[in-house]
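Shared between the two complexes below is subunit A, which pairs with subunit B and subunit C, respectively.
== the complex of A and B ==
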């Protein structure tokens, strides 16, 4: 009897390892390119290292302490927050109102849906470079080169002409608006898909009860859409807080620190000043901030589900 | 009364269409402007602001393709996109199939590990990744970049495949097993052909992602002969006293394929997005 059992065990072990071999390539790649770097970002954040020398000096939490009082770092977080606020209000309002309009029977619906999703399929580099060219501030023989300034002068509004991307007052707003331009299509498609799952009988019932369009929206559409709206909000926050390629392609390194966001700080700490440990400390701290924010929203969305 | 109602309805529909059209035009106009400027010369582009330029100059595309290096960048983008997407489809469908159908110890642990990677935002994860690639000597190589990009799309694709296989009826696989088909044979001959809708979604989203990727290409690839389009655009923008018509032609070369793919595959993209949301 023991011999058979041993055979069984062996057969089971072989069976398991054959099954396991299906996930092995995925786990191998994941371990090398995700888990090890994940460990290393925490490890590096406790060291001072220039990226070249073989010696990494252990400094404990010194990088984090320095980060706490790094004014440019906090400024960069505020900039990302500013972009996020504009995206949450302007971009999401736009996406939601477009989705509401397109949810009805309307002509050209397919055309609109197709066009609104074109900016999201473009890369941030492409979007940034196109808009940089439109917002270009130079002049040649008295004529503005950039389209926006040119149009402003021709339509009799020369006092609005601006160095859009090099003026500290307007640069960040321009970036935020271009970010919205690129991003609203996502929210639109998700919200529209959500709206289409709402049972039309609910609208019927509301109409029978004598609810007007505002009341129907307030008491039927909005509560039914809350989970989807929260998903869009979380995606917007996570996406906007981490925006940086758009900034690189629109203003490059920028002048002063007017357009710095956390990820560009990480990048310039790594490539510019060669402080890899400090860059990782930034990454870890900012990651913690993002996780806290999305956990808070998750908590909120669970609450709304229970009500 | 009815008259008043129809007039009101008519005006509302006109206002909605004006609103929708304005937004739609704002989406299309920058792309039109890019194409228009790509067709001008360096002398006219600064002066001529007419909507349709008086002289069309298709030479920019040839110059960008040959002298600007966009031919090489374009070819590289194709190579990277094709190999990454192929790798992801094979590796993720194998893993997704195993997580859905097969038994092995630690299955749930490994699966949740992939899910956790989707949930945890890790800004600056490129720093240790670049350090690792330098250490392994895989920086500035094609396969290094391809493997990194496979990892980027892996978790989401595994999740998509697993949820798809979970919903699929196992009848056909059982039939194949009775016919003496092995596990690998069932995956290849039965599961994968049935998973075509999931494959479509995985292929489209990962293609968009790889085609548009910039930051890893920027940090890992230094040789011009290895760079994909997005990286090439930034090199071009940085190194010349910017020749805008040429830059716009380069942008057009990067934009046109992705927009065409999007227009052809639209249905799958929208379906994939809605299903992705229900999964999340």
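== the complex of A and C ==
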């Protein structure tokens, strides 16, 4: 009897090992390419390291302590927050409005859908360079070369001519608006897909009950779209907080610290000042901030579902 | 049995991931570089080298330069550097590569046959790759890289635009420059453009004037922490930018302009002066072949001290210390820096050759750059370098002055505060 039991146990162990072996490649790949980088970034954030030397000096939480009082870091977080607020309001409202329009039976619906989705598929560098040319403030032979300033002068509004990207009062807003222009297509597609999943019977029932356009929107469309809207909000927040390519292509390293965002700070710590440990501490803190924001929205989303 | 076999195979596959060592072809040298404009020329030279020696040269381009820098650092960490590569960073980073055994010492090769190789190269270009006795990085003295070309950063002037106000010779003093710039402004021509959206270009311009106003010793004393940035001479340096901005001499939006755009402005005659490096000859030639321009030293403020400009090796290659093809790599570097190849490179890429013997074949505008090589200096040959955090504050502070947000005094105080912190940090470390 014990021999049979032993054989059974052995067979079970082999069976389990074989089964485990099938998921082992996935686990290995996940660990190497996902968990290990996380661990390494956190580990590096506790060290001072120049990125090349084999020696890393352990500094404990010193990098995090320094980060807490780094005014430029917090300023960069605020800048990313500002871009996010503009994106959440302007970009998403634009996306939702256009999705509502395209959800109706209008002419050239397919054409609009295609056109609205062009900016998101363009490279951020290209978008930045195009807008840099539009917002350019230079002149040649007394004429403005930048398209916006040229149009303003020709339309009889020369007092509105501005040095859009080199003026600290307008630079970040310009970047935020270009970011919205570049990004609204994603929200538009997702929201349009959401609108098309709403059962038309609900609209018919509302119409039978005497609801007008506004009431139908408020009591049918909006509640049904809430989960989709929350997804769009989370994606907008994550995308806007991490914007940086657009900034680099529009203003380079310029304008003092007025256009600094967390990712440019991380880059500047790594490549500019060679402080990899500090840059990793920034990355870890920034990641924590983004996770907290996403978790808060997820919590709100669950609450909304319960309501 | 099948299951056991599949288990064995899975384990084998997992364990073998990344274990295989790439077989290295002993007859192929691999070079990594970032120079988009020179890639085709390098490839044709590689082909020529293969025809002459039978050794294949594999040229891999990783551009732009910051992508290349990332690639080199990551490859050094993984110890997979090619036979020949370039280090684009500061001297401190170069020293770190040497310290960690990634760069071969080429001194012996340079000294062979009565220093034949060394003598052929511009000394200023070699200095960038040289570590002197008692250097602050504690690197064994020697030459660790071979310069491919030399470069310097000066001011360029547009002859046609200056002629519009009757000026035939470029300004020599800062006062003359201001007068000319104001005359140009009156007829609607912008004066000075530069890529000050790139921090290093601001640092370069400022350091030219720092050397001119206070001399090298005082600049080095500042880096050592013995002279504060609030010193009147440094305030004078910061004030140059305020003066240029207040008088409307700078092109609109200069602080957010990458150098590529600044080059476009000068090439398309939107500005009469530019602050740019000798590589611009090639760029301007592509953008506007009819551009009539000349090179000049930045106009001096203090006649008692010389104007020093940044220059030296434009791009250099180093040899991987761990390379199995080290000798072949060194032979190739010697070949590419000889007179014939250097003349070809200069002709094709319009860059100043690093080999002095090749200077006779260069275009006129390049010879204007070559003429002032004696005035060049470069951070990597200085006795001391400023801490990166201080430099960042310094450059960003100048941007704040240009946009009218801060005064020179305020910026000087802010830079000094960061400097103080860095000095204290260094003191703590020493303890």
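In this text, the second predicted complex is superposed on the first by the 273 of 307 C-alpha atoms of A that agree within 3 Å, B and C clash if a C-alpha of one lies under 4 Å from a C-alpha of the other, contacts with A are read in each partner's own complex, and residues count from 1 in each chain.
In this text, a residue touches a chain if its C-beta (ideal position, glycine included) is under 8 Å from a C-beta of that chain, and two chains touch if they have at least 3 such contacts.
This structure is a prediction, so every number in the text was calculated from the model and none was measured.
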* Could you say whether A:250 touches subunit B, subunit C, both of them, or neither, answering first, second, both or neither? => second
* Asked: First (subunit B), second (subunit C), both or neither: which does A:268 touch?
  -> second
* **More subunit A residues in contact - subunit B or subunit C** => B
* Give one of first, second, both or neither to describe whether A:147 is in contact with subunit B, with subunit C, with both, or with none. => first
* Asked: So, A:18: does it touch subunit B (first), subunit C (second), both, or neither?
  -> both
* **First, second, both or neither for A:166, with subunit B first and subunit C second** => second
* Asked: Who does A:54 touch here: subunit B (first), subunit C (second), both, or neither?
  -> second
* Asked: In the superposed arrangement, does A:181 touch subunit B (first), subunit C (second), both or neither?
  -> first
* Asked: Between subunit B (first) and subunit C (second), which, if any, makes contact with A:137: first, second, both or neither?
  -> second
* Asked: Just subunit B (first), just subunit C (second), both, or neither: which does A:231 touch?
  -> first
* To do: Determine where on subunit A the residues touched by subunit B overlap those touched by subunit C, and list them.
  => 17-18, 22, 25, 51, 140-141, 145, 252, 271
* Complex contact set, residues of subunit A against subunit C -> 14-15, 17-18, 21-22, 24-25, 28, 50-54, 132, 136-142, 145, 163, 165-168, 171, 250-257, 268, 271-275
* Structure fact -> Contacts from subunit A onto subunit B in the complex sit at residues 16-20, 22-23, 25-27, 29-30, 32-38, 40-41, 44, 51, 94, 98, 101-102, 106-108, 111-119, 121-127, 129-131, 133-134, 140-141, 143, 145, 147, 150, 181, 185-186, 189-190, 193-194, 228, 231, 238, 242, 245, 248-249, 252, 262-263, 266, 270-271, 276, 279-280, 282-284, 286-287, 290-291, 294
* Contact set on subunit B toward subunit A in their complex -> 13, 16-17, 19-20, 23-24, 26-28, 30-31, 33-34, 37, 46-47, 49, 91-92, 94-95, 97-99, 102-105, 110, 113-114, 117, 119-125, 127-132, 147-148, 150-151, 154-155, 158, 183, 187, 208, 211-215, 219, 230, 233-234, 237-238, 244, 247-248, 251, 254-255, 258-259, 262-263, 266, 269-270, 273-274, 277, 280
* Where on subunit C is subunit A touching in the complex? -> 3-4, 6-7, 10-11, 13-14, 17, 66, 69-70, 73, 76-77, 89, 92-93, 96-97, 99-100, 102, 188, 190, 195-199, 251-258, 261, 265, 268-270, 388-389, 392, 396-397, 399-400, 403, 405
